[in-house]
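Structures given as structure tokens follow.
In what follows, chain A forms one complex with chain B and a second complex with chain C.
Coming up: the complex of A and B.
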């Protein structure tokens, strides 16, 4: 401890013997960490925005299906409306909203074209709470109730079918009896989402659809919304317990692309961190080696005066700890200041076409994730100190006589 | 003076010291079978031309280097086989160094430079400070304790180095060309200072030097040539 009291102030003063070099190293460390923290916040916000936008369209945070439906979605793999146990689980406080739907593959036909689609029969009252489609209408109206037999179609699908609001389209769906049932639907609303979604999904009243295909109150899915992602695993478990015969999945398992995107965004942050760490390591090693070689004579003097090799190791390591620690502190403050400065959101509406490919919202809201401010700074500090051990070890190994021969 | 004639004790004892740098045809014999005792209270100079082995011998005695053959003892303790850490302790406790260049730590003040060895020796803070200030006062630097080396003249820096060498109460002070970079006036002052410290406190000095002004004060003059002692006379 006494040695530390002696060496720590000496290490601190040694840092400022060459202020320019110290400032450059601080700059490298702090900018590196700042970029990691800012990128982590940005990527997280982007991921969150993309995820929310996609999940709000239709998926929600999870869905319940009859066993086997997802492997072969057809009218023979439906399920009954939720029973008492499942209703209780769906009405738990962790679940903010849920909606029961009938979703079946179909063919849509206009005067000009026939295209494969998926028809979703919905309860409008529940959908308004759980899906963003009602807010995405650009023409017409949303469905008024479960018996509403109007069709809500996507903007791009309308273009491809060469149809429009107020015109009729024919929907063909395999009915309960195995026959292909066809019926005309008025186009009552047109929504604007991303192109792939618009081309796929048509919405109508659930009761109207059930009647068309000869069903009672059977449904194909229950979508549920869980605002806190941390609670999702627990909710899935309780739903599985309440409906053991059903297939309960969270969104990552429903949309593998979304799950992969989510994972790749996290990986991007770690790839960036690795790149920054390599750069910081090179900077720190370079700085500390220069600092050691410039002071070889002095290390010899200190050794001659009675400083032990271990003391020299500690001295140089302390210098690295202080230098990188200060850089990390500045980087953390800069990272936090950046996020706070952009707390009002980053408006990316100018890039809305490009954003459609990422299914992202137009305004990204950055936020500080406390664990980022523990893990990334600690990782950089530890790595920096670790790589600086080599120059420190070299300084400790210097023979006093050889060192004293070096010019001052 | 504390000497008592024949009862003088050897602070340093060198027996058959040989030092060879390099190997084979490139081998340089810096020391060739040196036998030397430095007695308590000696104010001795080690003279000789460049390359005669003065610095190498001082390094051996100061436990900064180890001989190829032979044995060095300091204060009765053989240096053979001691670890680097133990040699550091021995230098801290028994040897004071004054080097040719001023060799102060530039980021420490005069007081902190002097205190440095006391901190390594774990001397309590209050005693450390009083001893450092007393040592600086002893070498005529009272009032300059807080100055950094860059704010001191060459002579003043060498005085700080002397204070640092003495403050740990070493058994012997080894000085390698201590006046090489100083002007005549400063040299005279420093030699007088070291001589006074030897006379009043009985501190043993062994100085490697070419400087006749230093040799003039010497009570024991050791002459080296080609790694050997060619004369050892007392005055």
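Coming up: the complex of A and C.
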């Protein structure tokens, strides 16, 4: 402990004997950490934003289906509208909105092309509250009511079918009697989402669709919106209790890809962190080795004056602890400053075409997650000090005799 | 869908009692109905050659077909060896396809109905749609003209509201003796999409019969499907087992 009191000021002063080199190392460490922190914030914000945008499009935070519908979505696996118990559970305060839909696989035909699609029969007034599609119309109008037999199709689908607003398309859906029901639908609206979504979903009035395929009031799906992610598990449990015969799932289980993407976002940050770690390690080792080799005479003198090899090891390690610690502090400040500086949100609308594939919302809001500011700086500091043990060990090995013989 | 195209395929086999040319010349719906009845026989047995010119080259197929009434048809390819044995059965609302290499009968799903039939410019739904042109369209006689010694009616047919028809309109040329000479399919903006033309009319089975037909799409210039009838017999007795799935798979 006594020796630490002596060595710490010595280490601090040693750091500034070559200010240029120290500053360069500080720069490497702080920029490395800053990039990790900024990237973590950005990736988190991006993941959340794209997830929210996708769920907001149609899927919502959870869905209820008849048992088996998800394995084989067809007209024989439908369910009745919610009964009183389920209605009560759906109207719980945690659920902000819900919508009952009839979603069936279909084939759409124009003069030029025939394509497989999914037709969704909707209740427009419920849909306007839960889905962003009604706001994404670029041409025409949204559906006026459940009886509206107009079709809302995607921009890209319209292009592929070579059809346009006001023209007819034919929808073919397998009806309840097993026959293929064909009906002509006027295209009344065209929406703009991402192309994969546009190619899949066609919307029409729910009652109009039920009539077409010979159904009563059966539905295939209830989508529900839960604004607070923490409340989702509880909502799922209460819905399962209210409708034990149905299949209630949250979005992570409905779309495994989205669940996996959500989980892999964090992994991306760790990959970036390991890349940065390698660079920081190289920088630190290089600086410290140089510092040690330059001071062979000095270490010999210190040893001759009575410093033990362990003291030399501690001295050099202290130097790297201070050096990397300072760099980490600067990096944290820079990371936090970046997030505060972009508090107004990052407007991605300029890149919206390029980013369409990532299904992101248009403005990203970065935020500081406290755990990021503990884990990443600590990891970098510890790993940096650990790799700097090598030069320290080299310094400790220097004997006074060797040092005197060493040519300067 | 283009019901006439199907009739054309059927007319390969088609036949019917030649209706007396009653004085209905000015009613376009009746003209089309008569033309339709003229081609359709109670039954038929036809051998025809189909030439398909596509972007990858030209190939010819010989097919033998039987029809009975308006809802039963069997087409079996007999040459070349590569395609021989392939068969399509239409029975009521169902369409089955037999592939000898797989030794499998497949009932065509809805999504496949608009796929190309044997690589030709016809689709499976062209084969199955029957009297749609006559019943689901509103007809207007545009013009009555003389053409190489015959009176020809030019009829515009527009789909009735709500009918599941993609076309904006069809323009059909029918000769006064109820032979269809030309059928044009237009999209809903009025652009021509595809055309079927009768290249040659001969007397076959005791009636004027379009023995050479060419179907082509505007989008693929230079490509076409041509059907040449080689022999035809009409109003014959056809055993009922012919239009069954078991006969499709194991022809007697």
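Convention: the second predicted complex is superposed on the first by the 340 of 408 C-alpha atoms of A that agree within 3 Å, B and C clash if a C-alpha of one lies under 4 Å from a C-alpha of the other, contacts with A are read in each partner's own complex, and residues count from 1 in each chain.
Note that a residue touches a chain if its C-beta (ideal position, glycine included) is under 8 Å from a C-beta of that chain, and two chains touch if they have at least 3 such contacts.
Everything numeric in this text was worked out from a predicted model, so none of it was measured.
J.: Since both structures carry chain A, what do chain B and chain C do when superposed there: clash or fit?
T.: Chain B and chain C fit side by side in the superposed model.
J.: In the superposed arrangement, does A:310 touch chain B (first), chain C (second), both or neither?
T.: It touches chain B, and chain C stays clear.
J.: Report for A:129: first if it touches chain B alone, second if chain C alone, otherwise both or neither.
T.: Neither partner.
J.: Kindly classify A:13 by the partners it touches after superposition: chain B alone (first), chain C alone (second), both, or neither?
T.: First partner only.
J.: Examine A:301 and indicate which partner it touches, taking first as chain B and second as chain C; both and neither are also allowed.
T.: The first partner, chain B, only.
J.: Can you report the vertex angle at chain A, computed from the C-alpha centres of the three chains with chain B and chain C as the arms, to the nearest 10 degrees?
T.: About 150 degrees between chain B and chain C, seen from chain A.
J.: Report for A:404: first if it touches chain B alone, second if chain C alone, otherwise both or neither.
T.: A:404 sits against chain B, while chain C stays out of touch.
J.: Which partner does A:141 contact after superposing on A: first (chain B), second (chain C), both, neither?
T.: neither
J.: Go through the superposed model and pick first if A:159 touches only chain B, second if only chain C, both, or neither.
T.: After superposition on chain A, A:159 lies in contact with neither partner.
J.: Give me, in Å and rounded to a whole number, the least C-alpha distance separating chain B from chain C in the superposition.
T.: Least C-alpha distance: 84 Å.
J.: Which residues of chain A touch chain B once you look at their complex with the stated criterion?
T.: Result: residues 2-3, 5-6, 10, 13-14, 17, 298, 301-311, 399-401, 404, 408 of chain A touch chain B.
J.: Going by the contact rule set out above, which residues of chain A touch chain C in the complex?
T.: Its residues touching chain C are 107, 109-112, 114, 116, 162-164, 167-170, 172, 174, 179-180, 182-184.
J.: Applying the document's contact rule, which stretches of chain B touch chain A when the two form their complex?
T.: Listed in rising order, the residues of chain B that touch chain A are 59, 62, 64-65, 84-85, 88-89, 91-93, 97, 99, 101, 103, 105-108, 116-117, 119-122, 164.
J.: In the complex, go through chain C and note every residue touching chain A.
T.: 93, 110-111, 113-115, 162-168, 185, 187-189, 193, 219
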